[in-house]
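Below you'll find the structures, each written out as C-alpha cells.
Two complexes are shown next, each including chain A; its partner changes from chain B in the first to chain C in the second.
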Partner chain A sequence: MQMQNTSGDNVLLDVRDLDTHFYGEESVTRALGGISFHVNRGETLGIVGESGCGKSVTALSILRLLPKLTAKTVGGEIRFHGSDLLKLSEREIRKIRGDRIAMIFQEPMTSLSPVHTVGHQIAEAVQIHTKVSRSDALERSREMLRLVRIADPERRLYSYPHEMSGGMRQRVMIAMALACSPELLIADEPTTALDVTMQAQILRLIIDLKQRMGTAVMFITHDLGVVAETCQRVIVMYAGRIVEQADVLDLFARPAHPYTQGLMRSMPDRRHGRRQRLPEIPGIVPSLREPIVGCSFAPRCPFAIDICREKAPTMRDVRPSHAAACWRSEEVLGA
Partner chain B sequence: MSGSLLKVESLTKHYGRGTGFLRKTEPAVRAVEDVSFSVEAGETLCIVGESGCGKSTVARLLMRIVEPTAGRVIIDGVDIAGLKSHALRAWRRRMQMVFQDPYSSLNPRLTAGQIITEPVENFERLRRKQSQALAAELLRKVGLAPDMMHRLPSELSGGQRQRLGIARALALQPSLIIADEAVSALDVSVQAQILNLLMDLQQQLGIAFVFISHDLSVVEHIGHRVAVMYLGRIVELASCEALFAMPVHPYTEALIAAAPVPDPTRVRREVPVEGEVPSPINPPSGCTFHPRCPIAVERCRIERPPLVPMADGRVVACHVRAPALDIHAECSRKDADRSEAVNPELSFAVGRSDFP
Partner chain C sequence: MGGYVCRRLISAIGVMAVVGVFIFLLLRLVPGDAAAMMAGNNATPQEVAGIREQLGLNEPLTVQFVQWALGILSGNLGSSIFAGLPVLTLVSQRIEPTISLSILTMIVSVTGGICFGIFAAWRAGGFVDRMLTAFSAVGYSVPVFVVGYFLTYCFSLGTRWLPVQGYVSIGQGLAPWFVHLVLPTVALSLSYIAFIARITRASMLEVLSEDYMRTAAAKGASTYAMLFHYALKNAAAPILTVIGLSFAYLIGGVVITETVFNLPGIGRLVVDAINNRDYPVIQGVLILVSGLYVLINLAVDLAYRLVDPRIRY
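Take a look at the complex of A and B:
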C-alpha cells in the first residue's frame, strides 16, 4: 500500500511514476526510475540524497527545464491544479514557471543577468506574469528587497549582481522567485555555496517568508542538518528512486531504509565519540546506465538477502505516513 | 616547545601591495595577518573559518606555493620561509598536500600509478619494477586495488580520486600532510570513508595533519586542536574538546551555533550572527569582528585584542571575554571605557554558567 493521498484537497503537486532519461552517445542513463510523491499546500518538503541520486533532475523535470537535446521525461504525470504539467504547451508551462512555481538555484550568479540591475530583473519577472506598469513593478522590486532584508534596498535596486556578495545575491534570487507570490518554491541547494553563518541567515529567511506568504517549499539538499532544521516532511532518494519518505521527526528517530540509516550514521557527530572510526557505507553508487536488477542499494546493504538482489522493492508503509522501499524495513527498524 | 614538528611564527601575507604604477599605494589584501601556531608530531591541527578568512592561504604559505610577506615557518629548526628553491626541495619531502577538488588536482593524462609514483621519481630514478611495486603498495595503503594503477583519473569515482590524491601525498613518506578541504567535495558516505582512512594512516604512520575545513562537525571529529580564523587572524586556538564544549570567542560561538545539526528535535535559537564577513582589503578597526559581534564594547572598535592565554591552555583574542591583564593598558584607557571593562575573572571563564 502506497502512502500517496492523491485525492486530498491539500495536495498542491502530485508526481506519479516520473521517468526521466539522459541520452549519451552510446548509452541511456535512467536518471529517474519512476518516482511518485506529492507536495502539500504550504508545507516544506525536503528531498535529500547524494550526488547523482536524481534530486535536481526531479526539480528540473517538474519545471520542464531539462536540456532539450540530451534529456527527456519519458513517462509519468505531474498534476498541478488539475492539469498535467508534462502535457502543457511550451507557452502554458512558461506561464506557470516563475509565477505559480518558482525556483532558486545553488549559484545565483549563473541565474542572474550580469548586465541588468537587480531592480530591473525583479521588475521584469513581475511584468512577465502580471499586467502592471513599470513603476508598479519597480515598487514591487523595492518591497521584495525589503522583504528579503537587504540592507539599503533603495540603493541596491540599482546595483548589479557583481557588486553584491554571494549571500546578498541569493537574497535577490529569493526576492525574484517570490515576487509573483508562487504557490510552490523549489529551492535546489540554495545555501550550499554559502558560509555557515550566511547559510543560517538564508535558511531562516526562507522559512520566515514561507510562513508569511503561505508558499510550499520543495527543499533539495544533500545536507541532513539542513533538512532537520527546515523541513516538515522528507523524501530520501538513491540511484534515481525514492527509498524512504516520512515526517522529519520520524525519519531521524527511526530510519526504516538501510541507506537512510547508513547516511545518518556516517555523519561525524558527537554521538560517535571523537576520533573514533565512522560507520561507512561500503562501495559506491551504481551506474544508472545499466538496468538495475533488484534493489539498487542491495550491493552495499548490510541487510541484503536473496530477494533484494532479485526483485526491486516498492514503497510500503512501515507505520502511518512513513514509507520505505525495502524488503527488510522491520529488521532495519529493529537494528 | 622545541619538540614541535612545525612551528609557524607571525606568518603574514599581503597581496598586491604597492605595485600600482599610477597609484603608488595600492591597498593590500591582508589575507593572513600575524598567524602563529605549532604542530606536534602525529597530531591533527585543524584550521576553521569561513571563505576569505585566510585558511587556504596559510596552507599555501606552509607549502611555499605562495611566498610569505613576513614570518617564519620552522621545520626541525630550519626556517623554510627563507630557503631558496634548491634547498627548499629537500624540505618538500617532509610536507605534502592533499587538495579539495579530486577532479582538477590530478593530471588527466597520467595513469593512477604514474600519478602516485611521480613525487618519488622527482627525487630518484626508479626501475619499472620498483615503481610498480611502489604504486601497488601505495594503492593498498589507501584502500584501492593494486590493478587500479593502470586506470586514468576519469575512470575513477570522486572518492577513489581523493584516495589517489592521498596516496600521492604519502609517496614521499612525509611527516606532515596539509589537507585543504580534503573531504568537502565528497558525499557524506564517501566522506566517512576518507576520514576513516586519514585517521588510520595517522595511527599507523604517525603522520601529523594540518586539516583545513569549513565543516565544524568534521573538525570536531578528527581534530586534536583547532585554530579559528577570522579575516586573516587566529581568534581562538584550543583543544577540540575545550573549543566545542565551551567556545569563548563570540565568533567561535556563532560558527558553532550556525552549523546545522541533524536533529529535528533541536529548537533553533535566533540567527547566531547577522551581517557578513567584511572585505580583507579594508578590514574594520580594532577587533575585526566588532561590527557583527553581539557583545562588542567601545574598546573593541579602537584597539585590536591580543591573543591571551586562558586557564585551560587555549588562547583567545577578545577584549570582553579574554581581557589582557596588562596593568599599563588598563591605566591608560579612558574613563568612559573603564565603566565597560569586564571583571578580569572572566579570563578564567571555564565553567561560567551563562555560556551555552
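Take a look at the complex of A and C:
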C-alpha cells in the first residue's frame, strides 16, 4: 500500500477503498473493486487502462454523478478538504461540483446543451456558485473563451454548440469547467473524440491553463502517449483495480506490473519507423460480474504462477513512490 | 425566417380557401331543400321562398360563392335566420364565456400537464409516475360530460361549495366569474392534462439521459434548474406540438362543457344553431374556428424556432 503521502498537507483528494457496483437485471457488476489513490495539489495525475477498466467510473464516483438507479458506490472514502464526499448531502456535493472539482467529458459533441448559447452555458456555471449579475457572468464567459483561445469570443458567446467544431466545443467545455477556478479538474478522455492535430492543441491548452491557474488535473486516458506528455504521476487500472502507481518517468523506464509492460509494448513507436505488427496482450478482460479469484490479470499474464491464481495481490512498494499489485514484480522488473 | 413566414402565410390562406369552399358547399349539400328544412314543417311556400331569397339560393352556385366569399372578406359573415342579427354580433355576444373557459383550461392544462410530466419522468417508475399512468387512462377514457356531472354532484349538489351551472361576466366581479368557471375548467382540463403530461414525460425521459444533463450536474446545477431550465427547453418541441393540438381540440371540448354547465358561449350558440338549422350561424362560426385552428398551427410552427435554434426554415 502506498501510504507515505496520504496524510500530508499536500494531498488534495484522497480516495480509499472505493467500491462501486452496477446493478443489472440479474447480476451485479463490481466496476470498482476497492481502489485507493490520492491527488496532490497542483499535480497532474494520469489514470490509464483499456476501455471498461473503471477509469470513468472512478471519476464519476468522485463527483457522485453515476446514474442513480443502476449504480452505487457501496464502500470507501473520498477525502476532500477533510470531509468525505460520499457522506455529504446532495446540497453540499452540488456546492463542490463545478466550483472546487470540475469535470470535462469525452464527447464534446453531445456534452453541451444544443438549445442554449455557449456563453449562457459558461455563465451559468459561474452563476450557480457565485453571486454575480448576469452581465458579470457573461463577462467572465467572454474572458474564459479568450483564455481557451477561441477566435472571435465576442461572437462565439452567442453561438450555439451546433455551430462549432468538436475542438471548439471541447474548448468551451474546458472554459466552462475552469470558469470557477476549481482546485481539481477531472478530464475524462478529453481528446479521444478529436482528430490528432486537435488532440495535441487541446492537451497543450489544458496543461497551460492548469499551470496558470494552479489546478490539479486528473487525466483519464487510454493513451500512454498522452500520459507521457502531460502527467507527473500515473495510475494504471485493470479490471476495476489499480495495478500500478508510479512517477511517470519511473513507470515508463521500469514498469513493475506485467499489464503495464504489455500496454507499453503495444504502443506504436515512431522512432523506429518499422512497419511491423504491434504486439498485443493475449486474452480478454475478465467479466466483473463474477468474483475474481486471485490476480485478475493472471489468465493473460506470462509471469503467472500458482499463487497468482489463488490469492489476489495487494499494492506494495517496489521502490520509493512506485507501487504495484503483483506477486512477481521483482521478476517483472528484472525481465 | 421571413421567407418561411411568408410561405406559411400563403399556405394558410390556401387552406382557408379550401375550408371556405367546403363550408359554403355544406349548405348546398345537405339532403333536401335547406330553405324548406329551416322553415319547418308548418311553413307556407311563401315563407320557404322568402328564406330561399334571403340565403340567395336562387342565384347560380358560382355567383353565390363569390358573393359569400366577398362578404366574408369584408367581415360580413351573414345574418342569423332566427335572431335576425349579424353572425358577428351573435358571436361577440357569446365570446366571453368561451374565451374565459378556453384560457383558464389552457393555463391549467399546460402548467398541470408539464409539471406532472416532469415529475413523473424525474422519478420514472415511482409513485407519481404510476399515478400518471392511472390518471391518463381515466383522463382519456372518461368523457367531459361524465366528469362534469360527477364534479357537479360532488362539489355543487353535495357540498354546495360551487355553483351548479351558469356564468357571471367578468365585468360583474372577478370572484363570481372565477367561481362559476372552476368546475367547467377542471372537467375540461383532465384529458388535456393527461395528454400533455404523457408527452412531457416521454420527451423528458429521453432528454434526461443525454450527456449534457450530466454536464449540467457536473456544474453543480440544482435539480430544479436541471429539470425546468435545462431539460425542459431541450424537451420542448414535442410538448409544444401537443399544446397546439390540444388548443385545436379544445374547440370541440368547449361545446360539450358549455352544454353541461349551461354557459352561454360559442359552443351553445353552435348547438342551438344546429338544432334550429340556422345555417348562416353554423357557417360563420365554422369559418372563425377554422381560421383560429390554422393560426394556432402557424404559431406552433414558428415557436419551434424559439425552443430549438438548430431548426432552419
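Just so it is clear, the second predicted complex is superposed on the first by the 324 of 335 C-alpha atoms of A that agree within 3 Å, B and C clash if a C-alpha of one lies under 4 Å from a C-alpha of the other, contacts with A are read in each partner's own complex, and residues count from 1 in each chain.
The rule is simple: contacts are C-beta pairs under 8 Å (C-beta built on N, C-alpha and C of every residue); 3 or more make two chains touch, one makes a residue touch a chain.
Since this is a predicted model, take the numbers as computed values, not measurements.
Peer 1: When the two structures are laid over each other on chain A, do chain B and chain C clash or fit?
Peer 2: fit
Peer 1: Touch test for A:R169: chain B only (first), chain C only (second), both, or neither?
Peer 2: In the superposition, A:R169 contacts neither chain B nor chain C.
Peer 1: Centred on chain A, what angle do chain B and chain C make, from Cα centres, as a multiple of 10°?
Peer 2: So the angle at the centre of chain A is 80 degrees.
Peer 1: Quick one: chain B or chain C, who's touching more of chain A?
Peer 2: Looking at chain B versus chain C, the one contacting more residues of chain A is B.
Peer 1: A:R97 in the overlay: touching chain B, chain C, both, or neither? Say first, second, both or neither.
Peer 2: Second partner only, chain C.
Peer 1: Between chain B and chain C, whom does A:S113 touch in the aligned arrangement: first, second, both, or neither?
Peer 2: In the superposed model, A:S113 contacts chain C only, not chain B.
Peer 1: A:R142 contacts which: chain B (first), chain C (second), both, neither?
Peer 2: neither
Peer 1: Just to be sure I read the superposition right, which of the two partners does A:H129 touch: chain B = first, chain C = second, or both, or neither?
Peer 2: Second partner only, chain C.
Peer 1: Scan A:E50 for contacts with chain B and chain C and give back first, second, both or neither.
Peer 2: Only chain B; A:E50 stays clear of chain C.
Peer 1: Kindly classify A:Q199 by the partners it touches after superposition: chain B alone (first), chain C alone (second), both, or neither?
Peer 2: first
Peer 1: Would you check which partner chain A:L249 touches, where first means chain B only, second means chain C only, and both and neither mean what they say?
Peer 2: A:L249 contacts chain B only, not chain C.
Peer 1: Report the closest approach of chain B and chain C over their C-alpha atoms in the superposed model, as a whole number of Å.
Peer 2: 13
Peer 1: Just which bits of chain A does chain B share with chain C as contact spots?
Peer 2: The answer is that chain A has no such residue.
Peer 1: Please name which positions on chain C make contact with chain A in the complex.
Peer 2: It is residues 210-212, 214-223, 225, 230, 233-234, 236, 307-310 of chain C that touch chain A.
Peer 1: Provide the residue numbers of chain A that touch chain B in the complex, in ascending order.
Peer 2: By the definition above, chain A touches chain B via 50-51, 165, 167-168, 195-201, 203-204, 222-229, 248-249, 251-252, 262-264, 266-270, 272, 274-275, 277-281, 284-285.
Peer 1: Over in the complex, which chain A residues touch chain C? Could you list them?
Peer 2: By the definition above, chain A touches chain C via 63, 65, 90, 94-99, 102-103, 105, 107, 110-116, 124-125, 128-129, 160, 162, 173, 176-177.
Peer 1: Can you name the residues of chain B that touch chain A in the complex?
Peer 2: Going by the criterion above, the answer is residues 50-51, 157-160, 187-193, 195-196, 199-200, 214, 216-218, 220-222, 240-241, 254-255, 257-266, 268, 271-274, 276-277.
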